[in-house]
């Protein structure tokens, strides 16, 4: 597993645990909602994860982007579909989204590589 | 046609025409890209318009929201699907998105009403 | 009651009702959380409403500002305290917050006037 | 004088006066700095006003945009120069800046018209 | 002292010194205002620092967050109070604030640990 | 060459190449526009690069800031002019821009040093 993927996942898991331990009701409910919102409903999971991703891109939140990239990858969104999500984000949000797209692409390629390595084993 | 829909469409059309008349190449290309980005590709038009809409909502641009609501409505996105787009926007963008959701819902209902009136004729 | 106060309150109440009627769980929970978050806890209600107000100001959401101004006014935050909230918002958020401060001040003065009129009756 | 120009100028002047009357030191100093920052220094006034304008556009603050448009107009920035400021704002900030550009163009044309009318008298 | 606290404080102090040395009047006045705004007035220092913190959180500025966390910690704001500030920021600003809350919590815990270590000596 | 300059330039070049290789038309056109927009027109290159810089500062995009700092440096914008661009960004965008100004100043000084070293050879 690439260092980038590993350190992101570990830090996120560790600190989410600590956020839960604050025992603050509002924070816990928001984190709970964060899981429920993306479940299949009138829209399928793929669409919802792409909605979450594009929102994170135009708001330029790298950690949020990486989280949704992970979900989109597991749901087997293709490279071409992903690039079209990137294109909407860059059009709507402008060139300030480009640096975040560079990082998103790097993360996406790491996810692709991780998958191709695990399938070779 | 409701006044809200009419005045939005007319002002937008008039001023887009004036933007074209500035004859500034960059502005014209951006407006041109704005049309092309949402065309069917690896993702279908519906998905792309919802991506444009949710981006506009978290960035809280009422005019952009209204434009994408019009497109989504023409593409026959259902009420339940639309409310799920709203829900992602409000979760990711927070309660500051609520006032824009109130306006979006009002606009969406005007589009529903316009359609039901035209189908009665 | 001033027209400004009246139209804000009526539109907000009407559309919040409609948002409830969408029957979308995520939207309903967010609206529910929006009420609970500001209840007295380790911090008192006054402090929490000022936190909500200053957040709305730096994010430049006029409707959110007006809502928290109403709450702050009911909790009897003084003019001088309110101006200090304004000052933090303008310092942190910069001069782009000034136009929203102009509107906030206008709304605040309408609330002051409404109160002085009702106490005269 | 067009109604748009008149109502913007009057409201702004009236409320700036009221902001001064709050007698809050921080607010008064920020408003004072707001005037001084754009004075000629290592950069000339034209350049500084265009910097203020493009910042207001990417942050999508209509009132701030209108204020800087007034200053740029008085400094005799040409239409072609103005459109290039618009183009940078739309490129950097993305298509969510378009609705604000539509309004900016409308305001700019009202300023052009006001000038041509006053020169005819 | 933890590396995180040390490197933040040293870099901030070094670069603030360099900002002063630019000898640009506007920059110096803004930095000066930045100190004065949070002094006790109609609101006490605790409230003002929490206002500065929540503003920095919804605007998602990690360095600004860390600065206000330091101030809040010195003013002996409790863990439970701090978590309620976090909760308002996450409600108003949405889930894009979560990654910044994870970092804020990590920094806050480092401040707690630093204090408990120094009191043991 | 300083490590900061080197790693920024290399990462940017490598990932821009990868963005081109996605072969997504919209992304390629936006990147193309990004180059053309700053070419001399009714406004000279210096002014346009400063417009790009100040926009990146108020939107708080460090990578975008560094890119425009490089361009401004090559166009021989002076230190005093640069500090005035910084001052407009901090006034309009508020104190949340200060941390980005600290980083911008550090990068700018690295560019100054690089130039003075190369001219000594």
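Think of it as A, B, C, D, E and F in the order they're written, each chain with its own count starting at 1.
FYI, a residue touches a chain if its C-beta (ideal position, glycine included) is under 8 Å from a C-beta of that chain, and two chains touch if they have at least 3 such contacts.
Just so it is clear, the structure is predicted and the values come from calculations on it, not from any experiment.
S.K.: Please identify which of A-B, B-D or A-C repeats the interface of C-E; the criterion is that more than half of the contact pairs agree.
M.R.: Residue-number overlap above half with C-E among A-B, B-D or A-C: A-B.
S.K.: Looking at B-C and D-E, which pair shares more C-beta contacts?
M.R.: B-C
S.K.: Between chain E and chain F, what is the separation of their C-alpha centroids in Å?
M.R.: Comparing mean C-alpha positions, chain F is 28 Å from chain E.
S.K.: Counting only Cα atoms for the centres, state how far chain B is from chain F in Å.
M.R.: It comes to 33 Å between the two C-alpha centres.
S.K.: So what's the Cα centroid distance for chain D and chain F, whole Å?
M.R.: From the centre of chain D to the centre of chain F is 25 Å.
S.K.: Could you tell me the distance, in whole angstrom, between the mean C-alpha positions of chain C and chain F?
M.R.: Distance between chain centres, rounded to whole Å: 39 Å.
S.K.: Which positions in chain A touch two or more other chains at once?
M.R.: Within chain A, the residues that touch at least two other chains are 25-26, 30, 33-34, 37, 55-56, 58-59, 64, 80, 83-84, 87, 90-93, 95-96.
S.K.: Flag every residue of chain D that touches chain E in the complex, lowest number first.
M.R.: Interface residues on the chain D side: 25-26, 29-30, 33, 36-37.
S.K.: Along chain A, where are the residues that touch chain E in the complex?
M.R.: 11-12, 15-16, 18-19, 22, 24-27, 30-31, 34, 55-56, 59, 61-64
S.K.: Quick one: in the complex, what on chain A touches chain B?
M.R.: Interface residues on chain A, with respect to chain B: 33-34, 37-38, 41-43, 47-48, 50-52, 54-59, 64, 78, 80-81, 83-85, 87-89, 91-93.
S.K.: What part of chain C is in contact with chain D in the complex they form?
M.R.: Those in contact with chain D are residues 60, 79-80, 83-84, 86-87, 90-91, 95-96, 98-99, 101-103, 105-106, 109.
S.K.: Sort out for me which residues of chain A touch chain D in the complex.
M.R.: For this pair, the touching residues of chain A are 58, 90-97.
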